[in-house]
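The block underneath contains the structure these notes are about, expressed in structure tokens.
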């Protein structure tokens, strides 16, 4: 009897990219709120979601340095438990509820990719980086203070896809209502001839982030560029203007998703 | 209406890691046939497959330099279309048919990972390398001739998992019955609380490789080591003896898989 | 007239891997003090250094997450300014002065490699990782407190070369005299036939770290493994016992090295 | 007494990135001849070289898949012996001799970087890829025949720096006089304060490629783009028109360089 949760199933259940939850996360976020062409934002929405009439075209871009742990101090193996992520979250409505939708997301780690796919995050591989703060002061790092500068970028397949800069202005209790409940689309295709367009799994789910905690939240101003590349549609969401920039630490736990009835 | 085949679905259908087949492949293979403890081989088999009584414990390890193309000369974008792969294929029976089963497989490219998952190949990321032959002669490469030496290796998460050496002895018309029809397990978990052990997709399929062509096949002797690492069970299949080593070029096309009824 | 400091020199002086100092650094360090066979430690010393009779065989291993900046907020480009480093520092004497000597050092960034070579640090490429602390609490990261656990590792060419674990016990004002002045050997070979053994540059220098500042220093216990691999001699320094483990943040500036007269 | 040729010197002489020559190479080349603004080409030349009045502004861009070997079948360790390279070679004159000069070159391997620096090639790290040919026919690879299409690209620090396409037209005995003797500048800075602009090594040398052999040479037409990025000046050599494209295999041996007297 094979053991495990995701690929690969195995005799001892240790080879799988992801064992079953709980999945615990802690990370540092550089984020930029922006507005794109509302038609471009709406075009990314799956069936079941509609534009948010109060914030049509509003998107949040997040660059995150993550550390993962399951139930066995997996953070002690940083090669496998650390990863970097970029995502965009588009404002939408599920029925009457304001939600966000993630059309594009990139990570640099296959364990994170596997957990993401199961949650409905459509992860691809990318190289993500953000400026860090260090406790020892000096001119090699910004400080969490007004005027603090943070850069961040995303590349995939050797091409720059996104670049951001955030300038801190003031501490905040949270990133200002920037983060909403997230709806994902779990999707897994069929590969039998004639069934390519009849996916085996295709269902909206609500992400659930338990024990979500924020720390060291600062908001300010921001710049963001999204750049075109073959095999990518991220730049179709190019900013027409940016809103709040922010930098925060966040932690939470995932134990499951909740299926949304049509 | 979102377009595409795998994640991420998108307005124009260009962002997906893999569009629907046909998928065309060409590659160079360094392969090693070996025998492991039959109990270790059997322990990797999914429900529905049984050990092959005539070759219990027989496994083939393959290191492959691949190039992919769909229908648009994708090989002109080598960053995304080339990848390197390692896999082990365990002899098994499906009903009375001799088949092979792939418990562990590694690639260095997310497009290949996505196509693999849909086919039921449980791909993880790894770094794979093999000695190459070049048309210009000299002491920096072996030749396809008796005595030609080829090395190959697999690492994942910064740890060496497999290392092989093949010494060519004679040309062959094919790698000697080394390759069998391959049965895969398409698997995609549920993530609702309480349903972790009730996968949304869990089905045996037969891989179908169309227009399979071999060229420059040479067989000979081989050495192989499989090494233990955290989060891996590959080394549970450690060789007790090796059989034929080979080096070949291969091409084929995938248009789908065939579901196997229980 | 070509401009620049290191390779490549160029018309505008922007292409070089490293422009001339000042070079500013900030980083997080996971460190392990250990003792190896004194003969193994002594064998790594260049002419001009001798074993320290009071601490023969004593070595410190450092895993560092670095961020670099020159004079133009280079930390805003984290792809090029961040890097990870592993090094071992062997206790030695230069004349009567207690110093340390760095026989082996690895980084994951070519800008850091270039700056290192010029300083006399014999850098190779490697993949280095260490557990991080995040401001948002939870089970995905340790805290800077007694019992806090940190893992770290080094791989190169797909092989694990070093692995460490540190358990914090108490805060400290500094890592306990663990860090000494460092003597390096600047070395650049000749390549004319017959002159391979007559290097063009081969000179001992004293590293100078200005404005060195420490923060969040914690010491405790430690484990360390060093592992053999082809093309490496690091494991010849395998620990016979470990001493203090520590975790600290550090920053400093480099403006030059001081040549040591023979 | 420390052993070895380049960094790091060590007790057994096995840890160095490069041992002393001979260095043997075999590779596949995708190349594009092009013309840039003659002033841009001239601006890259070091003191001692002058523009070639007969081909001012002529440059050749090369993308190469290399395999290296010393005297011990190093090609059996492909992780360390294989690498990919991009370079541009600018037409120039040394005294009256037509030569080429390499202002910019990128590799993906530190052993290759170390050998390059010693030869005077100003190597940085980059990700280079080119379309491959495989012996097994099919639509996943071009063939060495009229109409065969090859793509190639260079990225560094996550940004696309160069992209080429070559269409084969006819076989050729060599790439048409495209390759000239190469003059390099060996350069190693001083780091003492006040001496940043007084390099310890700064000397023109003539590269010597022994037993140079070509095979499977095809020429044809070509496209090439060079793209701007921070910290790079390659795009200052942007093509105003392209000449011959080619694809070839090449092998040679390096035993030394010859110093050029001023």
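Annotations for the structure displayed:
A, B, C and D label the chains in the order they appear, each numbered from 1.
In this section, contacts are C-beta pairs under 8 Å (C-beta built on N, C-alpha and C of every residue); 3 or more make two chains touch, one makes a residue touch a chain.
To keep track of the chains, here are their UniProt names: A, B, C, D = Acetoacetate decarboxylase family protein.
Because the structure is predicted, anything quoted here is derived from the model rather than measured.
The chain pair with more C-beta contacts between its two chains, of A-B and A-D, is A-B. Chain centres here are Cα means. That of chain A falls 31 Å from that of chain B. Chain centres here are Cα averages; for chain A and chain D they lie 39 Å apart. Of all residues in chain B, those that touch two or more other chains are 77, 79, 127, 153, 155, 158.
A complete topology is adopted by the chain contact network, contact being made between every pair of chains. Within the complex formed with chain A, the chain B residues making contact are 1-2, 5-12, 14-15, 17, 20-21, 40, 43-44, 46-47, 77, 79-80, 103-105, 109-110, 113, 117-119, 122-125, 157-158, 185-189, 191-193, 196-197, 200-201, 205, 230-234, 236, 255-259. Contact residues on chain C toward chain A in their complex (touch as defined above): 24-28, 65, 67-69, 73, 75-79, 82, 127, 129-132, 134-142, 149-153, 155, 165, 211, 213-216, 248-253. By the touch criterion given at the top, residues 127, 153, 155, 158-160 of chain A touch chain D in their complex.
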